[in-house]
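Structures given as structure tokens follow.
After this come two complexes, each holding subunit A, first together with subunit B and then together with subunit C.
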Partner chain A sequence: MFDICELHEPETLQEAKRIFHDNPDLKVIAGGTDVLIRMQHGSLAGAGLLSLRNIRELEEIRMLGDGTLSIGAMASFTKIFQDDLVQKHVPVLSEAAVSMGGPQVRNVATIGGNLCNGAVSADSASTLFALDALLKLENLEGERIIPMGDFYAGPGKVNLGPGELLVSILIPREGYEGMGGRYIKYAMRKAMDIATLGVAVVCKVRDNRFAELRIGLGVAAPVPIRCFEAEAYAKGREITLECVQEIARLAVKPSRPRTSWRASKDYREHLIEVLAQRAVAEAVKRAGGCCAH
Partner chain B sequence: MLTKNAAGVAARKRLSMTVNGRAVEIEIDIRESLLDVLRDRLQFTGVKQGCSVGECGACTVLLDGTPVNSCIYLAAWAHGKTVTTIEGIAQDGKLSPVQEAFVEEGAIQCGFCTPGLVLSTTAMVESGHTYTHDEVRRELSGHLCRCTGYQKIVEAAERALRDAESAVDESPV
Partner chain C sequence: MDHKVVGKSAQRLDAVAKVTGRAKYTDDFFERGMLVGKVLRSPHAHALVTRIDASKAKALPGVVAVLTPQDLPQIKFATAGHPWSLDPGHRDVEDRLILTDKARFVGDAIAAVVAEDLLTADKALHLIEVEYEVLPHVLTAEDAMKEGAPVLHENRPGNIVSSFGVQFGDVEAEFQAADQVFEGDYETSIVQHCHIESMSAFAFVDTDGRIVVNSSTQIPHIVRRIVAQALGLPWGRVKVIKPFIGGGFGNKQDVVVEPLTAAMSLAAGGRPVRYCMNREEVFIDTRTRHGMKLHLKTAVSNEGVLKGIHVQVLSNTGAYASHGHSIAMSAGGKFRPLYDFRAIKYEPKTVYTNLPVAGAMRGYGTPQIFFALESHLDDIARKLEMDPIELRQKNLIKVGHMDPLTKNVVRSFGIPECIAKGMELIHWDEKKKAHQQQTGPRRRGLGMACFAYASGTHPVALELAGARIVMNQDGSVTLQVGATEIGQGSDTVFAQITAETLGIPVDMVHVVTTQDTDITPFDSGAYASRQTFVTGIAVRKAALEVRQKALEVATRRTGLPPAEMDIRDCMIVEASLGRAVCSLGDVAMDSYYDRILAAPITSDTSANVRINAMSYGVTFVEVEVDMETGKVEVTELWNVHDSGTIINPKLAEGQVHGGVSMSLGAALLEQMLFDPHTGKPLNNNFLDYKLPTILDTPKINAAFVETFDAAGTFGSKSLGECPTISPAPAVRNAVLDATGVAFHKIPLYPQVVFEKFREVGLLAERSVEHV
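Then we have the complex of A and B:
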């Protein structure tokens, strides 16, 4: 049995915001595949839970009028992996979603839960960061929309104010249109594993030059990061093997990987360079470019 | 709706769900997992408790047809849902085609992982989709088996999928 003292199961977002406003100490539970495991390990003892599972409106994935793809925070990884809009417009997110956990976990785990955990290894985070995604947060007083980069406050910490819930993830049209992408998860096992390193790349190619390149890294620093120097270097440059190699070298610069039992700092730095090169090359290919020479 | 646990008294909730085709009404403790309720209260002991943290897949059940780990799923969440455990797979004492395939391929050794694997394979068969070899392996990747080395399990799943496909092809139009 889990050490739970109370369970709130609102059916609307409004009701959830009201309950959270009145009880800011509640622990929000989405799919439960992290919260319940932590409880099984003895943390969060005696917690009161605010379950978002019954709020259907938070599961929706839809295209807004201005071309922004809106993904409800309670959309499961399986739903994101299989969703037609995601597959058509941001296939790289579908690729990241199916790399997380195993089928049973993906069937219940949610993208909102993945982000709100603040885990640097979150498979969706580096990809959403590379896609320039925005997060829509709401509490009873109102809403705010913040970029991914402002959400992560430290390992396991995110910038959610009192009574605030992550409602949806917004990927503006400029974030994904015309982009080829690739997510590479490096882990010891192909399933049911946590990333040793995650690299997400999206790029736009024009006349075999980088019109735009964005790189997001997971487990490369205390929080998911972007490689802005590498991105700036790429802009406008002709796509050659040397150029891609230089981008990969620059991608290591903003990283601050640590040594853990999964991998040493040196090994992670090596992974960033090698995987960034592979991910950029594949993203280029998917964007219609070529870096064969 | 609030279920509160005041002064150490366990909060309770009335749960209505369908288990293996039968309507079940039961009062549960909000602290219980779906695994606790299925195994200890409803005696569906085919739902195995393995790791308790969603790693091994032994506790897999189908929830509205979708495989989930019942050990990290609150029982309260199953309200209004349809649950299938391994006990609901054989009909009138006759093994399902998926179970037959596991027997035929010799995909069972100690049997602890088998209920979960049969259920995940059943979900694949009932989805009506076709799966490549890699996709079959991916769909079974949330189950640990310490005996077989997986080869025969994958072969059993592929056999079940093949049989289901040819059954559709042969059905009268």
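Then we have the complex of A and C:
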């Protein structure tokens, strides 16, 4: 039994924006796998909810004319990991999606909810960050498109304006084309767990050199981060074991892990280096390269 | 022996009911006008309630009653699910009140609300005003025993529940005379049962004025007694019903929610009240497995002969005694009939701390002591440069061994065969060779561990079991037992024992699966792996009586004396000729409707079982250790058991699967964590408490060495708790084999493994400075 005072269930995006505009204090609920747990724990008592579950247009995954892959914010993780377009063009996102929760959770949890919840452990966030994804936000007044890096404002906080909804995630062609990728979710369990560390790597290989490398990390800092120094180091370099090891070492630099009862700072930093190295090596392999020698 | 039903994998009687969702559990029953209860819990680990004002909560519309400690009888009671002892010196510690004005752990129940719905109850809890005088608290057994430590219970000023121990032989003399003496410290963490079904009950006052409690319990007859004791009522004024139950594992061998639920109903004028804990509450205010610290000191000859052992145990029992010292004592009893020590000194201390209450959990102290002992033996073998299996084989007891303290006799001892079979199944020697000189980031290792266990509690406690059989008109029988089906499959096993004895198929045995203390035969319930062994004897006895009565009725038809007849496939046959003479149905009809001699065939009997049988087994395991992350994965596992005759192989295999997964969780992932400064639970939910999922569980292989134990029905011994004892030390020993690193505490959590690898130089400090 939940302490909910009102529930709105619009069927169109326009209607949702109108309701949210008129009632900016409403709590938006997507799949509910985070919101309802918070309510169960006693927060959000007496909340009014704006549910997006009936808005079919927000579930679509499609390829836009310019090669941008557009993923509706209400697409479930099950839908994402099974989707043909996602599997063909961004298999690393499929890999991240299926690492989340268990089958029942994935059936209801949405990618938009995962991002807007602001959790640093969100499995989709570090991957989308590595893919240079953009977020399309709309309210009654209009829309804006921002990069992932501008979305996170702090632990559990995202930059959403009044009455604003995350509508879709846009992955531009240059974000994914010709890229090999690997997402490693490091958690204590193989399912039904949150990441102790999430490492997402995508790279493009030409003549066994890094044409491009992008690394996103989850749970390595208060918000999901990118490892720009490691990425810059890699660019143009020949792929060798030493090079990959150096990339992994550099990946630790932007991190700001903290010690908690779940894991120590020292252990988390160690994991970033070990897992970044493994993820880069696998991404290279998937991009057609080779780092063994 | 040639059996028709015993030894076959009869389908469990409740299989269809459970998989189709038709089996009704406590929460599936509804009474008209049912209310709900909620509990206000202390936010402090140790505090006195100085003021409590419920007036605002009472004024909230929808609130029917608010209960505070003052509203309830001030009768301290013991909660442990043991048979009552007529000897006051053998009773459990009476240290609990239904609600307390002295909180002894974070989550201790201070007040309760009865309301029309959960939301109202929840709101009312926030309206109860409580002022606390916060007291200093203590979380570890060592700290609790220190001079000047905060005292939890006034009548135990040193916080020690008991330090009673046992010994035989002269262990000091063995240490003096020994070639070598080895010492080791081992520790297990606090874990929990994690049964799927929550702790739940509902209660109401019936039209005859008696209190009816419907509860998810393993021990309905004991619940009846303790509810009556806690409320100060005559025992007959309470009736307890136990429907289907979604797991207990010992947590429900304790009286947890029932007295409070009954009190809630009384406070609401006898209206039905349901109190069902949420998972967070189950973690903090039911029972846990005792975290234990064990110090082992062992005298050994240069040839590896174990001479004497001194075991010191610190058992952290939390804020209330519950099963208290019985668990440490059980551990001390179970490990003895395995290795042939000439002298044993067992010194346990059970200590109160300001943590959730520890109680019974599958294995009852035995997983802890075998983690220590079997780890210790591998450590000794390494130091002696001896094969760890050979060390064990060299020291095994033999059939006929009598424990000098309990006087229990070992009548069957399949461990040597279990070891041989396990080595073969896991390909021990081949794998040992293949694992030599590993250098990569992933290394494999092999480990094994043995265990011993008992069947029931004799001679420590009363082992009484009741069974009642009524033969129906069609020759089928209805069986009632006081022992409880809690998922382990006992109803099916009892049906098989009955069917085998009566010469009828299993589907002609109708087992009443619900226990109702008004009509169910007396039995103390499901615990101590006692059901097949202890209750099986009562069931067999009842079935034999029914068989004899049926043959006597048949005599009237056939003229043959009962001893010349047998019942086979529902027919009465002349035994020596195998000639069918009439059907069992004919006999049953005579028993009901013969105008002169009608007397239905029934038996209502009980067995006071004053014998025990030791069960044994071995775990063989292969692990793979990620040397860089510290993660340990089990790649192959075999549990090989000697549980005597296996009555139902499929059910036996199921027990092994469940028990092994529990032990692997404790070995690698599970631990209840508390803030060291406040005593608040950190992970009392299934996200943060890392119960393994099915993806984390390797294929679990079960194998059996079937001995015949003369003490048990059809040669059977216990199995229920056995599989959860040896996997954890086997995993620990396999990690030692893979890495050369000896861990002394479980779980082998990746963070801990990482730190240890750093400490011993297997992992270098990170080279790059973090800026």
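A few notes on this one:
Keep this in mind: the second predicted complex is superposed on the first by the 293 of 293 C-alpha atoms of A that agree within 3 Å, B and C clash if a C-alpha of one lies under 4 Å from a C-alpha of the other, contacts with A are read in each partner's own complex, and residues count from 1 in each chain.
Rule of thumb we're sticking to: a residue touches a chain if its C-beta (ideal position, glycine included) is under 8 Å from a C-beta of that chain, and two chains touch if they have at least 3 such contacts.
All figures in this text were calculated on a predicted structure; none of them were measured in a lab.
Residue contacts after overlaying the shared chain place A:G102 against subunit B and subunit C alike. By the touch criterion stated above, A:M1 is placed in contact with subunit B and with subunit C alike. By the touch criterion stated above, A:A263 is placed in contact with subunit C alone, subunit B being left untouched. Judged by the touch definition given at the top, the superposed model places A:E59 against neither subunit B nor subunit C.
In the superposed model, A:V274 lies in contact with subunit C only, and not with subunit B.
Of the two partner chains placed by superposition, A:E174 touches none, neither subunit B nor subunit C.
Of the two partner chains, subunit B is the only one touched by A:T33; subunit C is not. Of the two partner chains, neither subunit B nor subunit C is touched by A:E229. Of the two partner chains, both subunit B and subunit C are touched by A:A191. On subunit A, the patch touched by subunit B and the patch touched by subunit C overlap at residues 1-3, 40, 102, 190-192. On subunit C, the positions that touch subunit A within their shared complex are 117-119, 122, 278, 628-629, 669, 673, 682-683, 686-688, 690, 692-696, 749-751, 754-755, 763, 766-768, 770-771. Those residues of subunit B lying in contact with subunit A across their complex are 1-5, 11, 13, 29-33, 36, 52-55, 57, 60, 66-69, 71-74, 76-77, 120, 138-143.
Note for the complex: subunit A touches subunit C at residues 1-3, 40, 102, 186, 188-194, 249-250, 252-253, 255, 261-264, 267, 269-271, 273-275. By the touch rule above, subunit A contacts subunit B in their complex via residues 1-11, 19, 32-33, 36-37, 40-41, 51, 53, 78, 98, 101-105, 107-108, 190-192.
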